[in-house]
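Both of the next two complexes hold chain A, though its partner changes from chain B to chain C.
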Partner chain A sequence: MSKVETIVANFKAIASNPKKAIADAQAKTGKPAVGVLPVYTPEEIIYAAGALPVGCWGKATKTISKARTYLPAFACSIMQSIMEMELEGVYDDLKAVVVSSPCDTLKCMGQKWKGKCPVIQFVHPQNRGLASANTFLVEEYKLVRQRLEEALGVKITDEAINEAIEVYNENRQATRKFLEVAASYPQIITPVVRHAIMKSRFFMDKKDHTAAIKELTAELEAMPVEAWNGKKVILTGITAEPDEFLEILEEFGLAVVADDLAQESRQVRVDVPDGDEDPLMRLAKQWQNMYGCSLATDRDKKRIPMLVEMVEKYGADALIYCQMKFCDPEEFDYPLLYTQLENKDIRNLMIEIDQQANSLEQIRTRVQSFAEMM
Partner chain B sequence: MYTLGIDIGSASSKVVILKDGRDIVAEEVVQFGTGSSGPDRVLHQAFTKSGLTFDDMAKVVATGYGRFSVEQAQKQISEISCHAKGIFFLVPTARTIIDIGGQDAKAIKLDKRGMVSQFFMNDKCAAGTGRFLEVMSRVLEVPLDKMAEYDSKASEVVSVSSTCTVFAESEVISHLSNNVPKENIIAGVHASVASKACGLAYRTGLEEDIVMSGGVAQNEGVVRAISKELQKKVIVAPHPQVVGALGAALFAYDEAKKVQ
Partner chain C sequence: MSEVEGMTAKQKLVYYQDKMYKDALEGKAKGELVCWSSSIAPCEFCETMGIHMIYPENHAAAVGAKHGALAMIEIAERRGYSLDICSYARINLAYMDLLVEEAKTGVTPKELEECPGPRIPLPDVIITCNNICNTLLKWYENLAVELNIPYIIIDVPYVHHWPIPEYTKEYIADQFEYAIKQLEDLCGKPFDRQKFIEVQEQCQRSVDAWDRAMGKACIVPSPLNGFDMFNFMALIVCARAKYAAEDTFNTLADELQAKADRGEDAFKGGEKFRIAWEGIACWPYLSHTYKSLKSLGCNMVGSTYPGAWSIHYTVGNMKEMGAAYCKMYSNTELAHKVDVITDVLTSTSSTGITYHLNRSCKLMSFLNVETAEIVKERTGVPYVSFDGDQTDPRNFSPAQFDTRVEALAEIMEENKNK
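Right after this comes the complex of A and B.
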């Protein structure tokens, strides 16, 4: 097995078995685990507390029954499976769970939390242009810090948060560089592999993820770039799961050369700004600087031209809108984007993403038809 | 040169054998779809009636929900592309296709060369498909092939949900228990199918000519309801149920020519 294959296999193993990956990371670092629900959480505060932040993004093809007691049928499938797993005690080993509130379903998840660990919910201000928005968010983050301190029995210092910011900024920069390089190696970084590398961020100590992804990037850069005979696409949306969906892209010769997925590139899009001020203010400013996401209010909807520019930059043949079923914020953006893409003659396809989907035959038909169109 | 297209849908299996990419020498439909005896039976019927065998076929292309289950096919092509190919062959002026099959509904936008420029499919739901009509036919005790006749005698169109087949079924039962004439209920059922299909068709921009294909296109009541909803003329493709298989046979012909 080549070095690249070994690194990729490790990422795939982590992404496919989060429970083991978290246990391994805890055994290695001795850190307690703190859950972070989608979409954006100041993980640096958790990391500064000496804990391991782990992503909770649901589980594919999870049968939903108990969650129906607490969530309406039109809550998205990520929240449905998180609720189901809460009720099954899956998250009970976590020391705490941090929940942001960017959509109507997430707003209620803290109130409805049925796991045994404490839940820490906070709110991102949506009127993000104002200086007072940062002041508000700093107060929210102070509460997050205080409750984490209570849950973990530690003191979280400014110095530790500043150090965590450095670790996370380095990881975001390394991941962005990897994504740029990976776009030229679709034969190796297939859609499934690419997703596994991005998903594994949620279950690894970020220092370890950074080291592995830097090593992989260096290995790739040393390899010759081969011509790609298939087509290139960009994915946008919340997630592009399950893997079977990505395998269908592979089956019909579609490479993912870039993404704007909340679970993937949006997580590493914006660094925490440098500065000597309060680290919580630095973290608040990261939210202020976030762009191109349906969950971060933007009156100018810069996500639309951003995606058009991405298509041009990567020479993509098409864009696939991965519409998380019942995700209102994403549904509001779609008509605007669709109109722009059509006006610019950019091929586009909307696929409904549902973690609980057991049969992907209709998606196979859509993707095959789409590939035949190109 | 003979080529064969086979379209294995969810509710039926269809075969077209073409001669020289131009003349239909066999077209067969069996009302059993993927996972059933339908595919074998429809092939058997087509070969028996034409006197041909697989050995006579230069190429075989499969389409439809069960396209990956045909061992003899050299290529599988999606039903979107096959319907577009078949319709453009039959009606070269077509720019919008509304195809309603047993399990799904599609609206396809064609360019002047007959290439697919955009398409929309229904969600994972039987409302607005042939299966929806089958369910209603059973509840109403009116055979599928008589539904259009009933519809033509309706004095009004009653409201029937287009959101969910199960809800719509209970609505129809409710109408029946209130002694609403079956004619009016059936007109409502057809309007329900039309609203679902038109929801997809509107997104294409509705360039004319608008052509219908799929088994449901054989129901004049649905065609009328769609035309009324769109306020536009709707042409029913010749051989509507085998358009996908015809497209597959045409693709097979293109493939065969590449080899020559």
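Right after this comes the complex of A and C.
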């Protein structure tokens, strides 16, 4: 097995078995685990508490049974599986779970947590251009810090948060660099591999993820770039799971050269700004600087020109809109984006992402005819 | 005010509503500014600037009640809007598209001509407040981008731990100042602080009159039929900053008190049960839901609607005003939501409650199970839940509604006999 293959296999193992990955990370670091629900949470505060932040983004669950009692069928599919797992006790080993409130569903999810660990809810400001929005968010982050201290029985210092910011900024930069390089190696970094590398961020100590991703990037850069005979696509949306969907892209020769997925690139899009001020203010400013996301109110909806530019920059043949089932923030962006893409003759396809999907045959047919059209 | 002299509250409601739509259309034609606003956004700022106000939720409800929703919804769906999106938003975004087409071509599209709701002009500015939901942020973002007009956001962050923190009030108060600046830039004139005080005073008088009228539902038996409350609500939404609301609600309160004094009630002696309705009305089925409940002798006297527009603050105090707009029960933690609904049940002596599981409104649906259980545990008041939608007629089943409320009436009857 080549070095690249070994690193990739490790990422895939982590992404496909989060439970083991978390246990391994805990055994290695001795850290307790704290759950983080989608979409954006200042994980740095958790990391500074000496804990391991763990992403809770649901999983492919064909049947939802227990959650039906508490969540109507029109809640998004990701929250359906999270609720199901809450009720199955999957999260009961966590010391706490942090829930942001950027959409109406998450506001409710933070109030109806059925797991055993404490839930820490907070809210981002949505009038993001204002200085007062940052001041507000600092106060929310103070609450997160205080409740984490209570849950974990530790003191979280400013110094530790500053250090955590360094660790996370380095990870975000390394991940972005990897994604840039990976776009030239679609034969190796297939859609499934690419996703595994991004997903494994949620189950690893970020220092370890950074080291592995830097190593992989260096290995890739040393390899010759080969011509790609297939087509190139960009994914946008909340997630592009399960792997079976990404395998369909592979099957029809579609390489993912860039993404705007909440679970993937949006997580590393914006660094926490440098500066000597309060680290919580630095974290607040990261939210203010965030862009191109359906959950961060933007009077100009710059996500649309951003995606158009991405298509041009990466020479993509098409854009695939991965519509999380019942996610209305994403559903609102789609018609406006669609109009723009059509006006600019950019090929595009909307696929409904459903963690409870029983069959992906319909998606296979649609991807196949889409790929044939290109 | 001579035009309204001698009018009943219902006549005033119709008169003032028509006048507001007419004034906005005529104003727009003369080059005056029009603002589209969410239903519980602060109206005080635009009113001070003399801007005409239009309320898309109110308009969509009117379109729905007049059975014009489906035509609009189909246009939105053709445009790419998912049928899972709030039906108010779909109706409004479709209506906007039709108005834009008309403005561009000079030809009124057939669907616009045939739309049974009142005609409204396109906006020059929009304002939204997410005290009802974050869906509004996305809906208005789309309006702002499509129309390329200023977008005033009053972000009242979700209160995950009641009470409202001071820092939240400060953030909202600062946004008020920013909204003022946006309006000054748009209107090209300074914001008149003295007029603002007068507008705030009017809002407070309107809200007092609203409270007074809605409070009559607490009288047993009630002179107010709750479905009338759904209708009168239009004015507290659209005219809170105008004398029209104060005038109409005071007239209504006087009429209801006189009725009660005469020993009359809304059901002509037929009020058998008093119930609460949690959630938005099913506008396309207003008549069906009303008749179904009436046939069982159920008067819907309890609702969270009256409290939603009971927006009190000390005039001149921006932080208090911010808190007043933030406190909407759906914008607050579960425990506070439960307190609000419990209070509705006890103050109106309701002995049953229906929960509307509204396909259009995730925020007003996803905590229903927990809310209903805790409220029942606390008050002993039985509940039923039904599936519906505020304006998409495809998501409501009259038969299911009837069965559920019949079951509720049976339980209430049993409880009565205990």
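As a convention for this text, the second predicted complex is superposed on the first by the 373 of 374 C-alpha atoms of A that agree within 3 Å, B and C clash if a C-alpha of one lies under 4 Å from a C-alpha of the other, contacts with A are read in each partner's own complex, and residues count from 1 in each chain.
We adopt the following convention: contacts are C-beta pairs under 8 Å (C-beta built on N, C-alpha and C of every residue); 3 or more make two chains touch, one makes a residue touch a chain.
These figures come from a predicted structure and were not determined experimentally.
**Student:** If chain A is used to align the two complexes, do chain B and chain C fit next to each other or clash?
**Tutor:** Once chain A is superposed (C-alpha atoms), there is room for both chain B and chain C without a clash.
**Student:** Touching A:Thr63, do we find chain B (first), chain C (second), both, or neither?
**Tutor:** Neither chain B nor chain C is touched by A:Thr63.
**Student:** Determine, under the contact definition given at the top, whether A:Ser369 touches first (chain B), second (chain C), both, or neither.
**Tutor:** Only chain B is touched by A:Ser369; chain C is not.
**Student:** Please indicate which partner A:Gln146 is in contact with in the superposed arrangement: first for chain B, second for chain C, both, or neither.
**Tutor:** In the superposition, A:Gln146 contacts neither chain B nor chain C.
**Student:** Who touches more of chain A, chain B or chain C?
**Tutor:** Looking at chain B versus chain C, the one contacting more residues of chain A is C.
**Student:** With both complexes superposed on chain A, which partner does A:Ser2 reach: first (chain B), second (chain C), both or neither?
**Tutor:** A:Ser2 contacts neither chain B nor chain C.
**Student:** Is A:Asn17 contacted by the first partner chain B, the second partner chain C, both or neither?
**Tutor:** neither
**Student:** Across all Cα pairs of chain B and chain C, what is the smallest distance in the superposition, given in whole Å?
**Tutor:** 5
**Student:** Touching chain B in the complex: which residues of chain A?
**Tutor:** Residues of chain A touching chain B: 342, 352, 357, 361-362, 365-366, 368-369, 372-373.
**Student:** In their complex, what parts of chain A are in touch with chain C?
**Tutor:** Residues of chain A touching chain C: 69-72, 74-75, 101-105, 107-112, 121-127, 130-133, 135-136, 139-140, 143, 294, 297-301, 304, 323, 326, 328-329, 331-336, 338-339.
**Student:** Which residues of chain B touch chain A in their complex?
**Tutor:** Interface residues on the chain B side: 65, 76-81, 104, 115-119, 121, 123-124.
**Student:** Please name which positions on chain C make contact with chain A in the complex.
**Tutor:** Listed in rising order, the residues of chain C that touch chain A are 79-82, 84-86, 89, 130, 133-135, 137-139, 141-142, 144-146, 151, 153-155, 157-158, 160-161, 165, 167-168, 170-171, 174-175, 178, 333-334, 357, 359, 362-363, 365-367, 369-370.
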